[in-house]
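The structures considered in this document are given below.
Look at the two complexes coming up: chain A is in both, with chain B in one and chain C in the other.
Up next is the complex of A and B:
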């Protein structure tokens, strides 16, 4: 499945690839939350540009990122199309009989800048390490054991189940159930899904028994151990200072000051 | 498109989303035994993968959710399962948002819990032969309906500007409600025939 290759470029070398995972996740989450809390559209633009710079530093190929933008793009598209027409406010201009409001455009731009920045930030955060390491990182954050266990199982089983799904679909198509015989008649489709559930369930049972017989007791052992270095501290503090200073820019109204100076 | 992306909601709403989700997570996790974790996660990922299916419908296609199915198969475990699915969707597919993980798990997870309740009541109270199809359909359909209603409520509470978006959201999910009502009923019947221990336990 091509969907699940978020860590495809985890082998590259960049300042974010050798960043301590715990610090990396915390710093980027802080930056994400601080960007979402911004409301000034000019500061949002600055933040957006800074996220692009972060992505460029991480060396993740841009094409890879663009390909994964389908969902965000769909959502943003809906926002951009709907909001300018439906938000009441002073009318900026007309397209045919539809009025486009000024505040609608502003709102749509703000929402899309925020959504795109957050989505971009996920790549330097997660694409620069194996997803399994990310799960291991969660253990260090005192997240309940059951939850960490569940996410690590779910992530691994996704591959098992999608293999089972492809097997079922292959066997269906090899029995000539094609478009002409209306594969999507409801009982055929629900039987296909039901059968896949049963197959994955049985395979999962075998995996579980195999794990128990190899001494599984609720802990995953990995060979990675995390170490914070001086470089990590520097990177960490740069990101933290940047996310705070975004809000400082808003609070101190530096951008408005520039305009005042100009008019004087 | 039921997941709300970042940047739309007011901070008060998504922060309270995180708090409520946290409370529900602590409660539901305390009801799960550690031995059941592999089984629950397996069913959760199966439901997750099947929700990536596209069903062709007329000229376009719809993307299924299977929130109700999660409730029927996992019981109370459905809430952590839905929460983790939302987290994975945000991180693996960039679908949804990071700050909205709390509110999205609520709008998807509460319907899963409610559909679990509906299913249990139907199986307990009714005794006719087709009660599994009926219970499954009811749970599957109501779950989506509730999910759409909850998401719309969150958007409307955020601001009047989003009413246009809500109309689009509701309209695009009417076919999903119909399809899932039919499909989840069929899947429940199939599982009851083939592997009844996969369905949630109902004590008579």
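Up next is the complex of A and C:
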């Protein structure tokens, strides 16, 4: 049984763990947008480094993050490989008969820096609270109730359904000996999937009845006790100021200034 | 008309939309505070009957009165506050992501203030002996714990009537014992649908026996649930003598079985009951 464990380390203690969830989500979204909008590769590098610092502060084990990174990394790697060859521009060098362009390399670096930063930021944002709290945060942000309910139900029942699926699979495979042609196997698999769907449908019906019995009338309210403290405000300010600073650096051309001063 | 009758069911018949007949001319009355065992083999219509009593199944074929109110479309919200149902599968009953939210779901829908809701959650969890479980997720609980939380989700609405569908099924002996003890401490009117006749004998005063959608017998649970012939003829099994050795069954044991029968099971009986009780039975 694999578990959905993005909140596996929600019990740790760090400045992000005791950050008010609403403020945390908002601040990090702001930071993410801010980074996505950056174009200057040097500032992106600064942003990337600051992201890593944020991850370190959050105390989420790096190994945990790296494991979850596999697929994203693969995707970025593909981009990295393709872009330098395909983006037209001044040739930097040749690999065999393929020309690699300057602008291609720059673009690839920019894209991957952005992607990695955004991916990394997900962890100090989401892995530092229980997923349930995240759902409540969504509820708080006036995300349409239906959507929040759906996320909440998916989270609640994904294991129940996958357990049911695995149980059926096991019972079928324990009885299935002999015939093992591919078509036969496909036939069985489609049967199991169908059965799981029917079961889920029936369960849905039973849950609906259980909800009605306890006075469900279309909206699913919960109590939440979010409270902003002074510390939260300070953390908020730091992240917001940093998000803005990244763009200030670009706009005021501070980095270029340094070069100009050096050359003088 | 004296009205300490909590539930009155008259001539209730029901056929599922797909044509399966589930209830046929069901009649019974239940007084306030009564604990009623609802027994019958699989498919007898127990669950269907329970679903009728809080208006989940709409049906004009018959008449149901709950705490003095006739059940019809406009009464349904009111009646659901009075009638709590605990379903068989706790994964159906616990649909929220934390225990707190689940137990709070009913009271919130009833429109109580935040303070009251919190208090109700606390009290209900206390009643089922699971205080401190508020922040746990249902998928990290044991089956027995889930069952007891299921009861708490309904207790938090302080219903006058509690309907339980197979509360002891699939439980290990410890979990089963826990649920039985919890149910014994609750003083609302209860209907318990179950095959676990032994536990029903322990909890319930009266019994309703159903078969193929009909009520075939009603009476004191000591009479119905120990009537070997009656139970056998409707696909059920009476508990063995030893299984009957709950406290209230002992006098009954003395009346219904001759000493040779008791002697035959002497060893097990001796193990099962206290010395004082032993004297009562064997020194007759």
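In this text, the second predicted complex is superposed on the first by the 236 of 264 C-alpha atoms of A that agree within 3 Å, B and C clash if a C-alpha of one lies under 4 Å from a C-alpha of the other, contacts with A are read in each partner's own complex, and residues count from 1 in each chain.
Convention: contacts are C-beta pairs under 8 Å (C-beta built on N, C-alpha and C of every residue); 3 or more make two chains touch, one makes a residue touch a chain.
This one's a predicted model, so the numbers in the text were calculated from it and none came from an experiment.
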Chain B versus chain C as contact partner of A:57, first or second or both or neither: neither
Chain B versus chain C as contact partner of A:132, first or second or both or neither: second
Comparison of chain B and chain C by chain A residues contacted: B
First, second, both or neither for A:211, with chain B first and chain C second: both
Contacts of A:110 with chain B and chain C, given as first, second, both or neither: first
Touching partner for A:254 - first (chain B), second (chain C), both, neither: neither
Contacts of A:155 with chain B and chain C, given as first, second, both or neither: both
Footprint overlap on chain A, comparing chain B with chain C: 131, 153, 155, 157, 160, 207, 211
Chain B to chain A touching residues, read off their complex: 1, 5-8, 11, 25-26, 29, 32, 34, 37-50, 52-53, 55-56, 73, 80-81, 84-85, 87-88, 90-99, 160-165, 168, 179, 182-187, 189-191, 194-195, 198
Chain A contact footprint on chain C (complex, rising order): 51, 54, 56, 77, 80-81, 84-85, 87, 89, 91-93, 95-98, 100-101, 104-106, 108-110, 114, 117-118, 135, 137-139, 153-154, 157
In the complex, chain A residues that touch chain B: 3-4, 6, 29, 32-33, 36-37, 68-69, 71-72, 74-76, 78-79, 82-83, 85-88, 103-104, 107, 110-115, 118-119, 122, 126, 131, 134, 144-147, 149-151, 153-155, 157-158, 160-162, 165, 184, 186-187, 189-191, 193-198, 200-201, 204-205, 207-208, 211, 218
Chain A to chain C touching residues, read off their complex: 130-132, 135, 152-153, 155-157, 159-160, 203, 206-207, 209-217, 220-223
